[in-house]
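Two complexes are shown next, each including subunit A; its partner changes from subunit B in the first to subunit C in the second.
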Partner chain A sequence: MLKQFARWLFLSLLLLAPTTFAQTEPIVIDFYYPTAVEGPITEAMQRYADDFMAANPGIVINPIYSGSYTQTRETILTEINADAVIVDVAVMLATDLYSFIENAPIVPVQDFIDPLENAEDYTADFFPAMLANSQDMEGVIWSLPFQRSTPLLYYNADLLREAGYEEAPQNNEELIEIAQALTTEDRAGFLLPVAGAFPIWLYQSFAAAYGQPLVDADPTQVYFNTPESLAAIEFMTKIGLSQAEGGFGVGPLGGSAWGDTPAAFTSGAAAMIYHTSGSLTQILKDAEFEVGVSFLPSGPAGDDGTGYGAPMGGGNLYLFNDGSKSEAELAAMWAWVMYLTSPEVQADWGALSGYIAVRQSAWELDPLKTLTEETPQYAIPRDQMAVAVKEFDAYRSIDIQNIINPALSRILSTDAPLSEAPAILEEAQAQIDALLAEYR
Partner chain B sequence: MNGRRFTTALTVIFAALWLAPLFFSILMSFRPEAEPISIGNIFFGSQITLENYQTVLTIAPWGLHYLNSVIFVVGVLIVQLFTVTLAGYAFARMQFPGRDFLLLIVLLQIMIPAAVLLVPNFATIRDLDLFNTHWALMLPYWGSAFGVLLIRQTFRGIPYELEEAARIDGATLFQVLRHVYIPLSIPAYLSFALVSISSHWNEFLWPFIITRSDEVRPLTVALNQLYQTSETGAQYSQLMAGTILVIAPLVVLFALFQRRFIESFASSGLK
Partner chain C sequence: MLSHRLWTRLTPYLLIAPTLLLVLVFTLLPATRTLYDSLYQPARRAIEPSVFIGLQNYADLFDLTHYLGGRFLPILQNTVIFVFVSLVVAVPLALGFALLLNRQIRALGFWRFSLIYPMLLPLIGAASIWAFLYSDSIGLINTVIRSLGGQGQNWLGNPNLVLGSVIVVNIWKQAGYYSLFYLAGLQNISRDIYEAADLDGANAGQKLLWITVPLLRRTTLFIVVIAITFGFQTVEQLAALGLGNPADRSNLLLWFIFQNISERRNWGYVNAMTVILVSILLLFTVANFLIFERRGVEDERA
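Take a look at the complex of A and B:
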């Protein structure tokens, strides 16, 4: 009898257990973050998670290092295809917006910003250039900037001074003039890292500086076959062509490899380079000379001929909801996103990772404030935000990149002579338009 | 004589080619980070440094990842030895309807790239509620088409009379396997184990997709962290230090195992 009673009690306890636990069970947020720069990233993420959890009992943040952006995308798409979406919040490329709108259950952060009391001020504190890739044509914000970067001109200030140049080149003509003055047998005057698979990022800076950015707000339009584009590509190609061949003769034919370029600069094999702001910390650490940093020199666009065109790059925070999430879970996800983009966290994250802090007010806070005072180079990418442009994104963006990158590489490497460039651009544009036709 | 010298020279050249990546990985791992390899400067640089190893050791709980890799590899191998022995015996010696057709299906498994099975396997593991566990790592590898074929071929090469003799003495199926087939197939088992261990030690995609925490993730997934500095450019010195850490046990094991492998091969040939 007693035994039977005990069994009954045990069974009823088992049945009760899930409901009793449900009330106290914390909300778990699986947060995927890829890394693209060096540094103690994993440690920092865990610290942010711990701080957030201490302030928000009832929410558990589970930071998951998810490899590269590509690997993170594959992981998320595998989950979606297997109908088992685990990810709650993820850092993914800002330029994944339209492929996610099409293929992944993302929720626009606008839904969470709107109810905020200070919604307008809140949005305005993000650098507008960084939000350009977050907004669709109606202006709805889908993702919030988190780890953003932009290309910069790095120059060996000691070498420039020796050659009689006190300042960084302001425009493309000066860039070439100084580069030619600094080119020697074992030193490139200027390295443009466009060799290899992804010349599209830096190409965009030239296209915009020549007057026609690759994309605008319309995700069904890509402007590749334009006179400005042709002029930009011609300029880029000439950097690697010798003077005998009609070029500038300041760097290797076809440009340098992305990954090797910072080391070439710090070891003295190059006097000036284009590279991401994300490399600033490593370059400052490795270089044994005075490192100068400036805006990308301007091109001929605009009324006064000072067309700037540095594109944005890097990752944003996306929220995922496959339809199974409760209000409380969504609120917790948003709270975490808000925390990560808060001025306090951004001031820490920006100083630690080398990414550009995404909130303007973050730059008034330590440790970022002290860092920019002690090392003014860090303020340059922030200032360049005023003239930075939207990064390439559109519907079918990955397919389109796979058209544009090989087309650019063929011309830049001079596999095809410059005279064939118009035909290559025309063909690529036709392929792009064919892909986008159904979205228009 | 000339022909022999030529063969030797060719062997040395190929050996050097095979060794080059390992050699340069080791060189790079001891080279100061700020000194890239350049033309005419490919050796240790200005000094030999342990700094790369120190940096790499701080980025991940390597001990935990080593343990996970060992659990993964050993857990797969033990079950595989069991399944390939039984399946190998069935396909080699037993008569049953549909045997050849089943063998064909096993063969097909070799031809399907693992990436194709990623999504269905992921869904299965989720349904079994094993996501982010050691079981999830191992489960898809418990059957091995390569192992089944290898053991089947080996068993077929063993004279059937030996099994008959054992049977007459009253041996059961398992005793026949234990006392006749397995002892005579040690070299095949060793080479299978070698292939199994090295391929699972190096496995990346599946462990990466199916695990989410350091408590479960093997070495390859931890090493991946060092490879993902796509934006700022590669830190080759650290990359190589990490790579050496990850492959070291395998290289040592292979060096030891190779000898054992050849010995056992020779001894079984004498029997």
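Take a look at the complex of A and C:
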């Protein structure tokens, strides 16, 4: 609605403008951006657009708030289906790559990076973990990171100190040990938010920490039915099982709900939680105790048993060309994308939105630099980039998520006992392989 | 010039033309297209034409080893449970509320408002509040249970409780609304009948069972039909109450359809499921018409 209105308004203004005034037609870039965080996002986008237009006369940026990621994807797919592609540049999930390669006319940003003088340095300044979801098997970069996030361990440092723990748990054993020490009648030692929401995101961290990430570079392979996966799921399930049932007894059966987990933490009803880096600002604001933030604890993978495996999350910038775009239009689209991913804009955007700034050099600039100096917790998600893994993506990614999520949920919620987990994984893997067969 | 007679004959058609056009463009055309598309499978690439596959989409949905079929039947079952449990609890509850509010009691306006306000709240907002009431760690319900020495439950995380939790929200939302219809129905029952019953020495229970309930039959039928229709169309509260999780145990048909729209390759299945859902709704609407509308005509003749 808003989008249509904005377009309508814009077009009518364009018609009203005297033709003599604009001697050369300006290039108009329709920029769709969804958002999953609160804050003055629309104002910030308009400010970036205004600054960019001031520096680039002849280009008009038309920022269009497009709702959620799902709504944005549906808008774009509908435009493509109706053969009326309006979108020029869009922020969409980093994990939409293969869906777009199959369904939408996206242009690889590699085409624009290659002619740059400092192409290698330019690419190297992005966090490599963030580029993992942008690259296909040949290493071609299709999209650029823009608003990215990663799960973190949040802990109540006051409670840990009272119990004699000066540091955050480094691995899963320590996590459970501390969680058990801090679990009381009315406090969960550790909340794993896998009930209700999408368990696949946090599952990926355990799968990687146990030695077999859910995906690698090949978009036709998904590794769900593996011994590592089974061990990871068993560990996750035991968090909610009572000690009498053979579990750890540190959280609710089936895990906590995504939305109320930060509130449970800040109100003192949970001593430690996993949650997205995007919640950091709100948690720091609400908590009346010292909030500790650390990497997700490691699992048994690797030679030294330090299998880290936080997945990435969030959105990338995609460029669309249905074949009708001129060189000048494509150049203008790329200029806008380069601007949005510039260290200056990223330093501002990261501090303002809570997303992890995607350029390493952005962290040396204000306001981000001051923010991390004053509040060191903000540097943790950046540092976790060193051990973060590719987020789940493959052909038919939505269908496959819709297979994996209910399968995980059946086991984690103990709808099916752990003894049935191997059969559930096998069935899910068979359905995934059947879907991917035609792509191999 | 058109003759007066022709005008007279044309007027009704002209009057319904705008509505007819809307129904045609926004209901009949999409419905036909849905039926048509449910017989096709989208090609691998968006630019290629879809392939005609007959009733294969429907067959897949009823195949338990298929990636969607394995979920479709349990979700259909959830939906039927959701609709009928909501119905058998909400409708008697609504009648009870209406009977209470039909008397002269203190602060009548306040009680009536309390019943109606769940209907006035936007469902998504109300469901979000319920999500916090249900919260395992910080929810009001568990806090109360624990303060009384009981054991809290993971209302939205426990697969055996979650559908019940969602049904409770639905009943809370709908019962007050239905009671409005009963209140209106009660006002229409003539006092004479009760007075006659009093003379015959009928007690309150007998009057309820033999006068009130039978005379509210048409209201009840109407409520049952809208309750079933609402039930099958339920979707918003799932967005706030766990998205059909855990393990699809609270997933309902319309939400499942919505979940699968995002993948273009599923559009055949999405259309087939829509056809099934619309068929179920049509069945109840036609039944309603046969029972309710036709009886209405007879009643007027009588």
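Before moving on, here are some points about what is shown:
Following the convention adopted for this analysis, the second predicted complex is superposed on the first by the 416 of 440 C-alpha atoms of A that agree within 3 Å, B and C clash if a C-alpha of one lies under 4 Å from a C-alpha of the other, contacts with A are read in each partner's own complex, and residues count from 1 in each chain.
Definition applied: a residue touches a chain if its C-beta (ideal position, glycine included) is under 8 Å from a C-beta of that chain, and two chains touch if they have at least 3 such contacts.
What you see is a predicted model, and the numbers here were worked out from it, not measured in a lab.
Once subunit A is used to superpose the two complexes, subunit B occupies space that clashes with subunit C. Of the two partner chains placed by superposition, only subunit B is touched by A:Thr35; subunit C is not. When the two structures are aligned on the shared chain, A:Ala188 is found in touch with subunit C, with no touch to subunit B. Shared-chain residue A:Ala263: touches subunit B and subunit C both. In the superposed model, A:Asn81 lies in contact with both subunit B and subunit C. When the two complexes are overlaid on their common chain A, residue A:Gly278 makes contact with subunit B while staying clear of subunit C.
Touch criterion not met for A:Lys369: it reaches neither subunit B nor subunit C.
Once the two complexes are overlaid on chain A, the subunit A residues touched by subunit B in the first and by subunit C in the second are 74, 81, 259-261, 263-264, 267, 269.
The residues of subunit B lying in touch with subunit A in their complex are 33-36, 38, 58-60, 118-120, 122-123, 126, 131, 208-209, 212-213, 224-225, 227-235, 238. Those residues of subunit C that touch subunit A in the shared complex are 44-46, 65-67, 70-71, 131-132, 135-139, 146, 154, 156-160, 241-243, 245-249, 259-266.
Only residues 70, 73-74, 77, 80-81, 99, 102-104, 185-186, 188, 191, 195-197, 252-257, 259-261, 263-264, 267, 269-270, 396, 398-399, 402-403, 405-406, 409-410, 412-416, 427, 431-432, 434-435, 438 of subunit A touch subunit C when the two sit together in their complex.
Put simply, subunit A touches subunit B in their complex at residues 30, 34-38, 40, 42, 62, 64-65, 67-69, 71, 74-75, 78-79, 81-84, 86, 149, 258-264, 266-267, 269, 275-276, 278-279, 282, 285-286, 313-314, 354.
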